[in-house]
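Scroll down for the structure; my scribbles are underneath it.
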């Protein structure tokens, strides 16, 4: 440890002559180990890619970058993604800002058992939490999960004498809600609506099962987003959603893609859209 | 070539019972060679990553994916990014849709000469054009360029007896405008506002020049977005902009980041935001 | 232009006391537009990601980084990947080194017509050229192409009452040869050995054709690398090869992978292996 | 659970007529949560990207892909990277193969305290373990860590009246050894040899310290690999190493790069080179 006796100037705190407010300023692409509270299984250790921003009033030259990581350090060992407001308000206060923004992206793992033999394996789902607190301390949170599924082309099945092309697809469901929804719930919803589910371990009886199941449940990229839309529209906890499906076509090198976005309350502010 | 005499069923054209409109459906991550018309230098060959979507009415089961690439094929050899409406209306008509969307991402190269010796070198700028045509044939286009610059930390310079940490930064400027603006114009604007410009060839006299120039022009990430905001606010052709600066800090592994977004006309629809 | 009258010191040229040779030093991840001479179709404009290195003798403190781009500038408008020796020897001489290394990675586009309707579309293939010249001016070049194909699982077909899972697979073939081989030749070889070929435009009769063709030609990841090995072994122009297939399984989120590498002359030096 | 009473055919076990051995076959890009035993701090939860391969004799048509994940499942909760042989031999036996290969890539986190104020923060290091067991049950392991450091250009400092360009650099050290070496040891070695170390939290006195320290310790990319080479040559536990430094130049968009590779025993087989 080295002694520093002379106080160093604080440039960031000095006045700025340009008169321009900054929408967001802070840090991003910080990789940090976090422990998340999760349904049933107790806490899960994962690694988040973190972005933390605040608004900056026109009167200040700069924000204090080191404080973002200091705030994160105090919360990372017991982070509840359904109560992210505590962290946000802490950021807002510590950075002396009018609003604060947080984005967490992290892989989330679930054990899935093969559909026939029951063999266990871990599957990962890329998740995202995007949250903000405004001047009046209102909290807004948007959640997202990306779920891999198999999709099998209905047109290919219909026009071909045998077989049907199928592929790995990634469905991303974003939502805002009035009460807590477990990530698992939305993951299970999406998985149930693909042509077939995806697993990390499949023995031969399982492989037979998913092959035939997919052939029996062909889905266009349009079907994926429509079926999920129908389910999410019926869920009163959800006030806004965007569902995307991206199919990594086995017959092309480009992807097929569809998106449906609906704001049930017509109240989702543009600046917050994920 | 194989003869196909029996007409194959057109599933996509069949009726859909769910009654759900699709916001966007089409293809993405298609890599395609295109020729762009550019200022002064004549056309530039580049490689675009392309996304093409249309809206899909609730009455149809699916869109016709192959038509997107067919339309692109007819335009790719002389694509004018300032007249993207022709391509968009072609998509809308060919896909029988109410609206159409196009996104092009491509590296764009300019020759830059070293500031002292004049040595030439090519520098690339990642660019993006995002456009849509709606039911009433109105065209909306958003342009973006990502420009690398050097930024040198004012705080580090101020508090240190000598030296100052500096880094490669990427500034992304997005804009909508009432009349054509060359990509070069916005690239040059951003380059002029960094702590120093970036080049692919620098001899020793050039290196001395950019080192001292950067030390003489320290800029926080906040300064980058404020200085560009001041310039873009004053440009009456621009109706909406978002400017972001991401600094790859040499003293951290995370990045510093700032964003300012302003809608001069308060008319930019949320769904279109890039 | 600024006058520089006092010569600046050349640190790189000064002596180094540590007595340690450097295997490779230079630049990498330089994106540069290049024009490649190609079979039949005349030159192709593409964008290369370039690495250029030289060896550095223990007696010198550093190499001269700006010279790499200067040398590239003189060759980039007519680069013949089958005569890369000219560029390499130029690097070696200009950098006053004992050996020089060049790596070019670039997308290469071919027009492919759909198998039944003949509809045209462009498909891209990621290619790589890795070359070196040694002290005795001997040139060694390794080429690589990555070719997308459809693969359909033989096990899934065999054990299922109907259907079979299939996916997009990427086959990478690396080779060294005694005489020039067009990239197109190796691309066509790999494409002919998949369960089905991949296209950017497929109309319904084409989609029926590729679906049934794939079902009729199931291939494990092991089959892909074995069938290509058999073909490449029989080609006397090829002295060394490595073939890899990576299958993006539609039933998993991990990939299946196989690799075969053979050195017909047992003479490929370890340091050069791609 | 569904009953499967008729045994399904095992195609993979059937004979193959081509007579071609496969060098490596298995799975890759599997993301899996693992718990690693580490120095001092007890076990660390992290997320590994896993590749697992075996050799496949010419007499078999295919390997059994599901067994790889099954083997991993049995070891992932207490994986000791210094005793990876247990897992490798398990793979070899379970897959009935002559050799087995394992690659783990994972972020590894260490708490680092700021150099003056002592503020704590977590920093991540991308690590890799690449291991194989051969026919005679000999184990070979190659370790790698990628360590971020600040580097400051000696030439820029020398020729400029003030200032010096500096940047984030990534140093990757690969090694094989005769006895266990903690990842922390090699991380600390590399960090001590940069122009300055990198931290996630720096207060103003820390920022002054690292700025001046970097200016006092300028390093070319060549210096980085030479200084590390000198240290690693002197470590008798290390039998082979490759050190690379990649500097993300603040004055260019391409990177400077240097590599030194030495095999003290001249016994590192080509096929194993990382």
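A, B, C and D label the chains in the order they appear, each numbered from 1.
Keep this in mind: contacts are C-beta pairs under 8 Å (C-beta built on N, C-alpha and C of every residue); 3 or more make two chains touch, one makes a residue touch a chain.
It should be emphasised that the depicted structure is a prediction, and the values quoted were computed from it without experimental measurement.
Trainee: Under the over-half criterion for shared residue numbers, do copies chain B and chain C use the same patch or different patches to meet?
Mentor: same
Trainee: Report the inter-chain centroid distance for chain B and chain C in whole angstrom, where each centroid is the mean of the CA atoms.
Mentor: Computed from C-alpha means, the inter-chain centre distance equals 28 Å.
Trainee: Quick one: chain A and chain C, Cα centre-to-centre, how many Å?
Mentor: Roughly 35 Å, centre to centre.
Trainee: Of all residues in chain C, which are in touch with two or more distinct other chains?
Mentor: Answer for chain C, listing residues that touch two or more other chains: 8, 30-31, 69, 124, 155, 159, 200, 202, 204, 208, 252-254.
Trainee: May I ask you to sort the chain touch graph into line, ring, star, complete or other?
Mentor: Contact pattern: complete, every chain touching every other.
Trainee: Please give the residue numbers of chain B that touch chain C in the complex, ascending.
Mentor: Those in contact with chain C are residues 1-2, 4, 8, 10, 30-33, 45-47, 66, 69-70, 73, 107, 109, 115-116, 118-122, 124, 200-205, 208-209.
Trainee: Under the touch definition given earlier, write down the residues of chain A that touch chain C in their complex.
Mentor: By the definition above, chain A touches chain C via 123-124, 148, 150, 152-153, 155-156, 159-168, 196, 198-200, 202, 204, 207-208, 210-212, 214-215, 248-254.
Trainee: If you look only at chain C, which of its residues touch chain D in the complex?
Mentor: 8-9, 11-12, 16, 18, 20-31, 51, 53, 56, 61-63, 65, 69, 154-155, 158-159, 220-222, 225-227, 229-230, 246, 252-261, 268, 270-271, 273
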